[in-house]
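As written, the chain order gives the labels A, B and C, with residue 1 at the start of each chain.
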């Protein structure tokens, strides 16, 4: 029983970040119909910024640790937004709805940005000091307070995004554009502006995930790559463009990773995820919640 | 790497290309390095290149290498093998067929090393490497030499020491990355533990690049193993796992045979890493390090921001071995040099060293340097044992 | 469009010259470079071949690997002869691709792209976990027989060049026109009674079998193969070749592969700069020269310098 609780707790810990990351990816796909292989670089950028600002803030400037983290977090989001805007303005704007073109562009960006990060930060992993030290025990399952906070923050952001998409005017535009771009434009929705907002929200979500992960895992210049591959599996499972699908898919993949890693081995669990994707696509190509044309 | 250097290298390659037919006024001996210079393993390549550069500079500033009445200056060429076989084969082609390099003073990565070996043995070039596989050496590959300790050298003394310190430990859980090194290490580790009457109760593999280690940690904590053996896991991953294990309240013996950097591990895991034994971490700052190692390490810290480790420093040792062998053989013919290498004693960064290991590999192709066992105590790497190979002691008599 | 008759003659001459160079040059490094250029050209051309039906096929990398592993197994484990082991590569790659295509080609666009990506990863993970295939260390010892050793580069170039001409012929045939029709609007070929799914599978199998053969040649060229050689990144680079050269004509990917492969030879110790270089070139080509080099040539010919080239 304690073991099951622990494994479920692990699922939530892993899943919360997966969900954030996949939400951004699925949102960008929904609005712009692009498969963004450069999404992981937003995550990596945020994690790298948090690590360097934290190390500077705590070691050099002597700023209290929680305040350093706050500065780092905000700064990371800002920088990623700027990167996102530049990338959209000079790049994706010109290949909207062009699946192959935008995919190629995102691959180019992935290479360019990853190379730049390696140049700026080198290959050495960085680890930041604990923002809130200590552990908690819950129904026999143990986790760090940091992880608990991470889960709570991730859940709040996820709920916030869900409300944004389903309860606000911007959300309505995003959904309308995702559903049928031409009909949305006939209704007077400015497609390009909505696409930009969708892209920036997606990038910011990846940045949030990266800034949160930096507190619990060593940061390297390729940290986003592992998340990218998992996130693709998640959004295929959930259905491309589906917000709820990304949430459920993220938790499902985390569940497989947690239980599969325990009862078999982690490498086998990874293989199992890929096999699941292929099987699911054969049975239901549009994903669990997707409604794409076949 | 600065832009200037890139231009230098490219320019150098072009000049070398066009001047291939003309004779050199000054005798140059090209030596090559094939290592990952980009991607996740780039840190290794950068350190490896640095150590080789320092060795080449030292050799050249001390007057070069003298053989057959000529004096040769070394010239280092570094190539990015991206840690895979296909790129390993490409860099091998470039080194051996374009640049006509006959001495590869260092190569990292089992797959690219094998790909390089397929060509270097046929071309008759000497290949120094850090490959951990047993199959890489033997009478079929007379020109291949391993420049650092491998599991066959490390595990028996290392596990033996751990067992001595913890005689009550009866069970061990193994976790290692799903890569060539992990796969080569696992069977040797299981045998070695069994010889010490320690039962291996689980073996797990994870994909390189994994960032979440919760499930592995839960599994280990629940298995109640006395010892956790992290196999070929790099320090960053071990750090993540140790942190997760600490949260779950597991507190047993932690061993990292491939643990190359105690410093990184301590930085990653903090107090959770306390007491961990490392088999390949040389403490190049402590009292037991040689002056050469201290100097190399300090230089790498300054230039690259990371300490050297057992892998990265090995390119220095290979250059030193090569110099001694060429001078003893009085020839730059790779075959003669290869025949000479097992007969000499040379000054490595660890002190006097030699090549041996014929008992294990059927051919003396393994460097003989001490196995160093370090333990993290109060956040510092402390050398707790330095076990020189019996064969080396014999040779130094 | 290029002047095809003149262009074709030129291409045949280049291919013959390459084979001759491989036979007589005696410089092993440059012979090797020629083989790499041709291998990369085949990767790019087969990727583009599936683009004819409008699908971006990341699994090009997987079938290249399947071909290489098939040849390696046939040659080192089953002791098949040189040509038999080479021939096994397209057969096995073709059979697996027929099955894979039959299941997955009902999806298209982003779904097909991502499935082919997932498939590539599965196949790679499968190699790492299969001890008979050498696990992560891969397989070694694929050497051409001693009697053929000196001729091997020429044989390799001949096979690869034949693949390129074969795919060119396929594209110019009626079949090729039907493939393009499917890309434009698959309802039209369907309305005249054509089995669209069957044709898509056929296109996919042709591309996969030929890239599988190139994989077999690759196994003998390198003598060593390992799972990490066949990541999705192989297809990404092939895509870069297609993009730089231009996808409007089969010459595009060949030109792209040639330029980038030769450039890559001089960037070998570039470290982090190499990725930046490839990234910048892909982005630059996509945004500034959308039709690639071939597109530029076509615009030059028709005198249309203004406006964006067709994609």
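In this section, contacts are C-beta pairs under 8 Å (C-beta built on N, C-alpha and C of every residue); 3 or more make two chains touch, one makes a residue touch a chain.
As the structure is a prediction and not an experimental result, all values here were calculated from the model.
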Fill in: Any chain in contact with chain A as well as chain B
C
Fill in: Longest centre-to-centre distance from chain C, chain (CA-based)
B
Worksheet, complete the sentence: Per the C-alpha means, the centres of chain B and chain C lie apart by a whole-Å value of 36
Discussion item. Quick check: how many Å separate the C-alpha centres of chain A and chain C?
Written reply: 33
Discussion item. Two or more other chains touching the same residue: where does that happen in chain A?
Written reply: 115, 118, 267-268, 270
Fill in: Residue numbers of chain B (touch at least two other chains)
38, 42, 46, 178, 207
Worksheet entry | Numbers and ranges of chain C residues touching at least 2 other chains | 125, 128-129, 271-275
Worksheet item: Along chain A, where are the residues that touch chain B in the complex?
Response: 3, 6-7, 10, 13-14, 115, 118, 122-125, 127, 135, 142-144, 213, 217-218, 220, 222-223, 225-227, 257-262, 265-270
Worksheet, complete the sentence: The answer for chain C against chain B in the complex is residues 27-29, 32, 36, 125, 128-129, 135-138, 140-141, 218, 221-226, 228-229, 265-275
Discussion item. Using the touch definition from the top, list the residues of chain A that touch chain C in their complex.
Written reply: 29, 33, 35, 90-91, 94-95, 98-101, 103-105, 107-116, 118-119, 229, 232-233, 236, 240, 267-268, 270-271, 274-275, 277-278, 281-282, 285-286, 292, 294
Response to the item:
chain C residues touching chain A in their complex are 51, 56, 103-104, 106-107, 109-111, 113-115, 117-119, 121-122, 125-126, 128-129, 236, 239-240, 243, 271-283, 286-287, 290, 311
Worksheet item: Which residues of chain B touch chain C in their complex?
Response: 1, 6, 9-10, 13-14, 37-38, 42, 45-46, 77-80, 83-86, 88-91, 93-94, 97-98, 110-111, 114-115, 118-119, 133, 178-180, 182-184, 207
